[in-house]
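Note that the chains take the letters A, B, C and D in the order they are written out, and that residue 1 is the start of every chain.
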């Protein structure tokens, strides 16, 4: 990261970010509060300035807010945490590049968590476009952060198979029918991960990540329910409400949108020191969002204060 | 031109030039065409900042960006329309020679209009298009309403059925919601006030709200009856439901809008200034 | 003749398309006519481009206020049109797609139109804030409901929503703000959207019938 | 649960042994040789009929799954559908359906020279093959046929839509007749429209123009068509008051219509001399370039009133906030549901959805238009009644009513 503008700032980015934003935004809002009570509305350029600061500062100096995991996220986290070491977890990448910014952080977080707990992880995809995103996770997260993990022994990559629900229909009783080999054309029988796994029924947890069809819903209907395998999912924010009815009976937990990802990352960081310094896109993207939301809410409050003050003054001649 | 303006222009020109040079130097080891790339990225950054400057007030930089945008985009859509619609859809059906000229595969023997081969029937839009251009003539301008009638007739016909089906029949029938959802006994009903599958009370409450909300909302849209009495009460509830809808939808979109700004600022800080990794 | 023919065309074409929905052999009419519309629309580009040039050349010629900026528009228009229509700087020549990677047309799009367009779009981030500040005020009952709806949703999308209400037990979790936000989106919000949709559905149907019957003829540019 | 798991496990051992994958040496030894090679039982009861409600060139097939699909030998992984023109073949493969499947719609091309041309009125023969993981082990059903494909002349699946079209047409015609007969039809106040006149007056006082934005709709959008009527009315008032009018357009065809409308209004108001063509001009057919230009116009011309009527997308709030910044009174109306909240929040008056269409009738005050508005209200009443009946029947477990509204493709 050697930019052509020399980097002058050498202090830890996140500290200075928090200081700047607290001082500027907090102080500014306090000053505005005084102004609103005294003189009414503020110029809208000041509103613009606040938004600009609240979005740009966390981009420059990453600020991460510690998210409290909602129960719906926490339950899924706890399940992965409490499974005995060496359990088999399947993570399915059912999304395309358009959805990736929202759900790939979840995939990364799940992969990290499972590997850190020494679970055996099986990666696959029901979407043709999901395979390259799967490789992205393997390349950016699994291989660099877990160099000790060996493909085939600790995790396996089945890649993509065409057939949507048809694939699920088959693997619920037999993986080898649908995936005679993994993505590298190695027969499943020579892969250690699959030594004891014949079908989805032998898995301890299935996680579907996506937001379209086929996705979490199809996994529940074709695999989770009939084979009685615990399931979790991570989906785009717009899809999440459609899955709530399945929680908590058929889904252990749901991560909805970038906020769900941020909550999960937050939980990971809290329990694992090794993840303190890895990239956390979910939390990072929530930084500008949270500050901007707070600023907007603060301005709504300010607006109402100045409105009531002016009205009271108007009434008293 | 005022003096401050001249100084400002000069300043911007200098910054632009410096950025171009520095950016090109920075891209040197990655690309062969680093000089033009450096220029294009600097230009994109300059245009981005010009638009953002509008938030302060209208100014010559914004005016420049705006006028450039209008000219370029108008020509963009025209070129695209020409190549994709005229060359892509019309010419292959009309003429072998022209297809060969534009190097597009000729489509033969199709009958979109049953007995008329496409070779003939595709003159209909051409003729209608030319009739539309007739409005430039003072004498025969009135004939340009024929293609309009064709277009409007097409839409009216299509929309009539489409909206009746998806916005009316389907929406009305999806308000047929069950009052009791997956009943599991009163114990569960009153103990779990949550959103999820166990929280039957909340699900049912949601169904009731949808049902009553839709009815009251519809009452609000009655035009030929005065909103008085029970009718007026229902229409007032209707307005409230609409107001919650508007407030909630507004709040819900904020996140997406902030993401757009994050995207633009990331371009400035990362692709242009290389401040962040 | 001048008044009657367009009305007859509208009625005939419209009725044909309504019927086509129910008659399987006629279903493809829809696509054909839509394609016709696209082709007619390209002819209309001449009218649009001509008008654009007329307005800006007029300003240039008359040296009206801001004529210099009109020059920018005309130059940008001419540049893009020449590059686009003749596929100048397209590595694949005439046979390649106009938006082929590396073509000059695509480059101009990427480095001029994309930054301009997405920055205009990004202005919304500022405007949602200024609009919230200006408009979400508890002036009357309706405005208060609007304000509360927006506020709960906004709060529910930040970590503070959960922080403030995490003490509420799981049994009553509907009252936790993030959950309340979800419920509002799926309950009252859905109801409102649906009521508007049904209304619009009816409005469009009614309007279409008026158009087909020739009662509504504003599209012909005549004032009744 | 445990018992089930055990059962499943035993079953699985069986399956994997049979399908010849991944078994250990002991398992193979333990199983009789014949079973490992045993073909599954064939699917049965293959039936084919012409696909309903279409334009021909399609046959719908159904069959019963092989007893070894999901049970028994449990080695069926899917079905292949074959078609021939005579019972003896040659059969060509048409589709592969995953296990558990019991049907397939064989759709062919309409064009004679296409590869998978499926002619109408020709007898075809079908058979279904249950396949296993081993390509040599399969079982075929008996041949079914002949079955012909043919086009229907009427789509019965869309009857509910037709019923409503006819109902609507009838009600509209009825009220138009009634209105023609001189019946007095009431229309409630539309604040947004009432405000238009007031706003024009204000513009005159201030000596500033009025900005009318028709939105991003094309000439084919109903919202745009509704907007023309309001534009006509505004233009007429503007002509009478001798105020300025600015109409930037997004679509060239919309521009031509808008020019005609404004011209006609000026004629109507008796001021054809005050009309000039550049009042209505084309900007560009690009969403945000158009917004950029309109924004600039707002801040430079400082119109007293901005009117936004028609189809709007993400730009709604950009326009409305810039207008508020310029200090203009703003009146809006759109049928784009996602944008209504932004207009409601940022504008002084907003016509919500259907109100936009009603505005043209409201303004015209013509009996014909009012009649159709009345018809619209009756349809709304019908919607409410249907919703209530549906709600009641649903809660008494009667599904039949809901099925009345089921529209198939």
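FYI, a contact is a pair of C-beta atoms (placed from the backbone, for glycine too) under 8 Å apart; a residue touches a chain by one contact, two chains touch by 3 or more.
It should be emphasised that the depicted structure is a prediction, and the values quoted were computed from it without experimental measurement.
**Q** Touching subunit B and subunit D alike: which chains?
**A** Under the touch definition, subunit B and subunit D have A, C as mutual neighbours.
**Q** Excluding subunit A, which sets of chains remain joined through contacts?
**A** one piece
**Q** Could you see whether A-C or A-B has the larger number of C-beta contact pairs?
**A** It is A-C, judged by the count of C-beta pairs in contact.
**Q** What's the farthest chain from subunit C if centres are computed as the mean of the Cα atoms?
**A** A
**Q** Taking the mean of the C-alpha atoms as each chain's centre, how many Å separate subunit A from subunit D?
**A** Chain centroid spacing, subunit A to subunit D, equals 32 Å.
**Q** Centre to centre, by mean C-alpha position, how many angstrom separate subunit A and subunit B?
**A** A distance of 28 Å separates the two centres.
**Q** With chain centres defined as C-alpha means, what is the inter-centre distance between subunit C and subunit D in Å?
**A** Taking the mean C-alpha position of each chain, the two centres sit 16 Å apart.
**Q** Which parts of subunit C, given as residue numbers and ranges, touch two or more other chains?
**A** Residues 18, 21, 28, 37, 40-41, 44-49, 52, 113, 116-118, 120-121, 123-126, 128, 130, 132, 134, 136, 146-147, 150-151, 154, 157, 170, 173, 179, 182, 185-186, 193, 196-200, 202, 204-205, 207-209, 211, 219-221 of subunit C each touch two or more of the other chains.
**Q** Where in subunit D do residues touch two or more of the other chains?
**A** Residue numbers touching two or more other chains: 158, 161, 165, 168, 219-220, 222, 225, 253, 256-257, 282-286, 288-289, 292, 340, 342, 344-345, 352-354, 358, 373, 376, 380, 383.
**Q** Can you list the subunit A residues in contact with two or more other chains?
**A** Only 44, 48, 51, 55, 244, 289, 292-293, 296 qualify.
**Q** Among line, ring, star, complete and other, which one matches the pattern of chain touches?
**A** complete
**Q** Quick check: in the complex, which residue numbers of subunit C touch subunit A?
**A** Residue list for subunit C touching subunit A: 125-126, 128-130, 132-134, 136-139, 147, 150-151, 154-155, 157-160, 162-163, 166, 170, 173, 176, 178-179, 182, 185-186.
**Q** Going by the contact rule set out above, which residues of subunit B touch subunit A in the complex?
**A** On the subunit B side, the touching residues are 22-23, 25-26, 55-56, 195-198, 203, 254-255, 258-259, 261-262, 265-266, 269, 273-277.
**Q** Looking at the complex, which residues from subunit A come into contact with subunit B?
**A** 1, 3-5, 7, 45, 48, 51, 55-56, 59-60, 72, 237, 244-250, 285, 288-289, 292-293, 296
**Q** Flag every residue of subunit B that touches subunit D in the complex, lowest number first.
**A** 51, 54, 57-58, 62-63, 65-66, 69-74, 76-77, 109-110, 132, 135, 144, 148, 151-152, 154-156, 159-161, 164-165, 168-170, 172-173, 175-180, 211, 214-215, 218-219, 221-227, 242, 245-247, 249-250, 253
**Q** Help me check something: in the complex, which residues belonging to subunit A touch subunit D?
**A** Against subunit D, the touching part of subunit A is residues 44, 163, 165-167, 169-170, 173-174, 176-178, 180, 188-189, 194, 198-199, 201, 227-228.
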